[in-house]
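Each chain carries a letter (A, B, C, D, E and F) given by its place in the written order, and its residues are counted from 1.
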């Protein structure tokens, strides 16, 4: 049983090592070829370990909290780790031909690889951390790697987008850090597990909660702090966009989830939770409306992320705010995680597929989609399948998520959120319709193409989001690993 | 009593300088105020007895950040970038109001804190022996919470890659920053010859002392970086090309070493586990490696992305 | 077992259907007309073998087909089958040169099946199916010549037939729902006190009345009968319309509760009888006039059928009406055929034809000693009071109308060259049967020859003829012009008055391709504002403050 | 075997679908063999199952996805009614589509989605719980859309947008209803209807309305029907699929399930929802007919006719009468047979003579006699003329309406019949009695057997279904069996 | 004793405040920088006083770093003031 | 923390710095000014953090916050370095050091 216990450490160490190698000896093919399988193996270890032995808790350096930092791999973090591994793994393979290193190393061709590996390590660090300050470092790590990836294309627009992102991200970091400082001042520990056991009704803790929530909301691009996201994600190269849109906002959301459900489950006031829910709901509607209005493919997909992030925040009014777990709490909580994970797969698939369409067409106007079903059927199919998840249609993880959230909304009598969830699906159809419909048009003009093997990858990723909907029982149970027992019962 | 007066005066000064840095009409003036501000904050840390932090603030907060900003201002000014007009009073009022509110909340939070909470001081003291070092801050940094520090060093690496990736494509493979030159035998050049040995000594000392006294790889590394930058500014050395294998090894060495120790720890009791009997040597090794990489990385960060032809 | 009970009723329906399908076989095409006389033969045999006590059941077909034959039905069936057979023979000659003979034959057979099915059906669904089968395929017979007039007639026929079918269906459904049975006799009995009786009766009567030419639902009849090829006109007027009467006889429940309906039907029937005469006299074409004569005659039968429910012995009275129908069917069939024959013959043969037609006409008008007299006397026996008188008096009109037909026929010219014998033979056979058969059947329906030949009855049969002669003489002598009435009377008025009610509007042009969604500037502005850090930053900080405040609250 | 059989039957459609997607365009034979093979195999299995279910066997498979979300496959007599229809028609439509689309573009995509549609339809039929039903219902929406936009011209895209707009909104509403209901009762299985009696009547009404509105989109209830006529731009086999095999049927089938297997008709009456539903269905019947009357195009006419006809099924379900529900259920099959015939024929008219509008159909009967005969049979059946199938449905519906104490239903049927006649007969008239117009004159001879056989087969089936309605295995017999077994009091 | 040291430190701080006026007023960039240097020097002195006051000689390291970095900042300033940003004001004619 | 001991005073000073810095971060348009402000907020936070760890004068300052602050300072430096590079690159490309939406004349058009 020592092997599974290694998994948390290795899931940070392996990509870090890969990043170091990528800096020194840029051989992407080799690195990807070794790292991705290795990470998948580590993930398998983690999943096995968590399934058999419950949450894996690793006190780094042998120092128990509060002195040391604990790495915690419970169901939730393992789920995010696995989703990250699958997504980034695929993205890296897709990126291979797009960031080649031949005789002469190029700027982007070199920089992409260490940045991608570092982002991977950073995300894993976030998902594993059981310490709020360590999370701060990891989140900053994510932010900085993201910034670099956003600006990777190096044109004024992208640099501008990166700077704008930086404003929000920096503010978020500051607010979060201040919150952490206040929490430490109040409680003398930053360990999530220990914080959970302490009363948290003092001023400092509550101010900290407000700051942390707002800061992370800004990083997650919750409406109305979302405006940085579309230009940033749309401007990056497609494989980078895939990682950014699929995973990066999830990292800060994950922390929010940890904070509200694990660290300070009793601190939340009902009105504040409703406020967060309302912002999420607005994000769904507003992001969708803007997505409909976009004329660029990548912008559209990016605005879709704004909308989809809104769903995540519905978990707060639906599952938060009570020490006594309600029967629907587990459903709502799991639903939001399902949404996060399936959205990760689907959004990454969509960005990659759109990227392929854009590569073939040479531009990212809507007409890049023309005749896609005929020219690049697999890409078109990948888009379609990921659209299914984004719309929350069965059979997909998106649907399972939406179903769970909806059930919770009705069970808890919060019908307004139910209405929004449903409306969001319809709106998603509205904005995804345009590109998908164009795929059926006859193609005009000259288009290149992308090798079939490359096209297959986004499709595989998209199918993952569907598989998550079809075989959702096992992930559901898995996610409950390490949750408080009362919440596991679910809605009868 | 005098202590209180000193504290109050220092606080007021800090606040005033901060205001000046924020509100100053002239950007350059703001940056200068910021450097002063860093210096005063370092005083505050000293006053609070947090010498390690004071060192870091002095080296990094006031020093390196200030240099970065000064360079940037100069660069923008040369680029002919105009200063924007200040915001409308109405917007300013609203912004100010909300900031006052925020500060008030923080103040309220501080007021509500338990005056006798001791934090982890005692716990650290209890475990100091097992950490292998005498400086409790270093013990926390490199042992108890070494994982934070590992990530932190990698953050520097990320940023360096990010800065480099902002180069123009045509300059890839070239050397970071602009070629510096100085009047041979002039004040600058002389300065560049004089100061380095002193700085080098100070840097190595701060790193070495860090295990048992205030100091450590970050503070020391920063000093080393400053030294190298000084020499470079004096036109005496030039940065190697960004593609140079040795350069890259240097920037990666520290974090890689740290990671290697961390992973090796798995076989000795757990991730990042430093056996107490070897802890001191291990920490010193790590600190040395880190100082090297940090120095190189910080220096390169200040130098900026390659801005000269490849070869 | 698919069929239980006697096979012959089933065969009577199956054979024409099969032959109809056979007509579609290309190899059959040259001799396809030969099928026509054969098709009704099993039915004829069945009718001759008399009413069957048992029912034939085919539980698999439709909702369970149930066939049977009583005395009334046997008469209807026999006469119809005979007429269809004779008309079939007539058609073999008459249709020889026409195009699309196979279509004609196929639909002839289909119509025939339906016509026979109506008489054999003992369950509501089979009845309805048969009724439809006789209505709709008949359309093909009517429009066979595909002239404008034929098509117009067909269209009007179709509309009315469809209305009729629907009404009948709904009426039957109401009746069956109450009866909880499909067996007609039970449905009829249940209908007597069914909750929706009035509606059911009204609807069924509309359906049946359209078929039977009940004024004012008769309008299709004077249009369609003349337009159809002569053999088709013969069966239309002689056999098909009888389906309506038969339906009334089997479906109208008996009993005092029917008094109002009875009165209404009698009134409508008699009104129709006289209207038919008047309108017929206004016609220029022999077939149109004959068609109006059918309207008139059907009016009499409808009146009788209306009276039947109140009769002391409704079943016996039904048989009497059947007798009348038998005579009228054969006679009218023969008369229509005569029009066909007249188109072919000249000289002496034409005189002979005119003589035969005159005799038949008089028979229809009830000339004593003819079959018509038997039928009419028998019919009157069941009626009372003014109705009986009116029926009797209508004979004068009938005589006048048929005189008009005779005159028109005499004036018409022969132009055809069809083989005479095959035209003559069925005409003569039908005519002869019409004259003779009622005498043979009269005892079976309880009408004794002595009764027919009683002085009172003889007189009541004779005076209308004398009156008719007098009127005719007066008209001819005084040269009184009879106002012309367009065939189809009411429908012509309707056509003029009502602009095409259901005209096809031009297809709504598709809305033009929607231009990109209108830029909603406020949203753009909002998004821009949210992107502006100097706005978004304070909002963000404000959110943190508000959240903290909310937590603290 | 009992566990696996539903899955195997589902696989007969799913597997060919998935393989087809990845076949190269030119592997025509493989593609055809796969699709036809799947269809034939499925037919065989369904026939086997008919016998088994006829004997009282019930198949059930279940697995849980997440708490409250179980996939339940359950085959009862009602499932089998729907599935038999779709299976038979799938086979014929596949044959037809192969001939119709011969040499066209994007065929792997087309046939892939086509089979996927059938998979979804089968799933709908097999659904043993409300949520399972929803899963397949959504899948059907998705699988159909690519078919609607298959041609890829502006009109198709527009139609696709409308289609998605309506159906997805409908699904969303349906989902709300489902989740609301299940939040009150827990998972809803058809086999064991939830105990609703104690619940608040207004909630039940609201949920009922949500469910019906959601299903009503596919069933093309008036107001929600707009997508259907627009979707006519799709190729003829797709129209057949939309109108006869899958989509509108799924909606109607769902309504039957809701009324009978979830609420129970008695409860529906009790909360006063039966009459409104019947009224809406009736309004749809009349509306569709009236709209059909004013259409120029042949396919729009057929589409509005479907709008009208499908509501017969709904009407049957809404009436508190066993006879009516028999009528409604049997119309599920009857309408399918007749309407598919019409669409097949319309496709042939288009393909062979370029006929789109009714004006262009003049005299086509002379050139394409067999097609025209089939079309005529279908049209007459739609009018409700005996002995074609439509008549039996009407008979039962009418009788059922009276049984339920709603005599006005009969009037609706009557008016609808007349209107049906009014729009179909002029078409028949033009086909047979007008002089051949330019289209007829230019028409090719009747096409390959694969194009001709399906309409003739379906026309014959429609005729047989009416003619042998009383037989035990006729649709009517089966519908009666369903009602006796499942819905008898 | 210790109070005296702190009092001296307060006086030094006041001096620094005076230097700040120069930083604020300018008028030249060089004036500002020189003001900053003055504050830096004062700061070093204050640190030394504090170290003495606390008896914590490790604090002297802070003074050391401050003085080193102050020198570094002034070099950077000089570079920034040169015409091309990479040269030496002394080179300029 | 009550009473005006050194730690509390510096903590409040930190709160004041946070307020001042935030204002600069929000109100300024020039990216470098924002960076300055960002660093001011950062050190304000550190001051709060550190001062609150120095409440017990008898025990000396808590080493854990100190370590965390050092880490924070490095991270802030790293962030500043990347941002400076971005601003310079942006100025090279676009000729300004402000985001377009922050330009006074910007009326919301792309």
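Basically, contacts are C-beta pairs under 8 Å (C-beta built on N, C-alpha and C of every residue); 3 or more make two chains touch, one makes a residue touch a chain.
Given the structure is predicted, the values throughout are model-derived calculations rather than measurements.
Chains touching both subunit D and subunit E: none.
Graph distance from subunit A to subunit D, where chains that touch are one step apart, equals 1. With respect to subunit D, maximal separation of chain centres occurs for E (centres as means of Cα atoms).
Put simply, the chain nearest the middle, going by average C-alpha positions, is D. Ranked by C-beta contact pairs, the top interface belongs to chains B-F. If you average the Cα atoms of subunit B and of subunit E, the two centres end up 18 Å apart. Taking each chain's centre as the mean of its C-alpha atoms, subunit C lies 99 Å from subunit F.
Taking each chain's centre as the mean of its C-alpha atoms, subunit A lies 77 Å from subunit C. Chain contacts: subunit F has residues 18, 22, 25-27, 29, 34, 46, 48, 52-53, 64-65, 68, 71, 75, 78-79, 82, 86-87, 89, 99, 102 touching two or more partner chains. Annotation for subunit C: residues touching 2 or more other chains are 531, 533-534, 537-538, 541, 544-545, 548-549. Residue positions of subunit B with contacts to 2 or more other chains are 3, 45, 47, 49, 64, 71, 73, 75, 87, 91, 95, 98-99, 102, 105-106, 110-111, 113-114, 117-120, 124, 144-145, 148, 152, 155, 158-159, 162, 166. Looking at which chains touch one another, you get A-B, A-C, A-D, A-F, B-C, B-E, B-F, C-D, C-F. Within the complex formed with subunit A, the subunit D residues making contact are 21, 63-69, 105-106, 108-109, 131, 134-136, 138-139, 141-142, 146, 149-153, 156-157, 160-161, 164-165, 168-169, 171-173, 175-176, 179-180, 182-184, 186. Only residues 154-155, 158, 293-297, 300, 323, 357-358, 380, 383-387, 391-392, 394-395, 398-399, 401-403, 407, 410-411, 413-414, 417-418, 421-422, 425, 429, 433, 466-471, 476 of subunit D touch subunit C when the two sit together in their complex. The touching residues of subunit A, when paired with subunit F in their complex, are 67, 133, 136-137, 140, 144, 147-148, 151, 154-156, 159-160, 162-164, 166-167, 170-171, 173-174, 177-178, 181-182, 184-185. Every residue of subunit B that touches subunit E in the complex is listed here, in rising order: 1-3, 5-6, 9-10, 13, 16-17, 20, 24, 26, 28-29, 32-33, 35-36, 39-40, 42-43, 45-47, 49, 51, 54-55, 58-59, 62-64, 66-67, 70-71, 73-75, 78, 177-183, 186-189, 191, 195, 198-199, 202, 206, 209, 213-215, 219, 223, 226, 229-230, 233, 235. Taken together, the subunit C residues at the contact with subunit B in this complex read 534, 537-538, 541-542, 544-545, 548-549.
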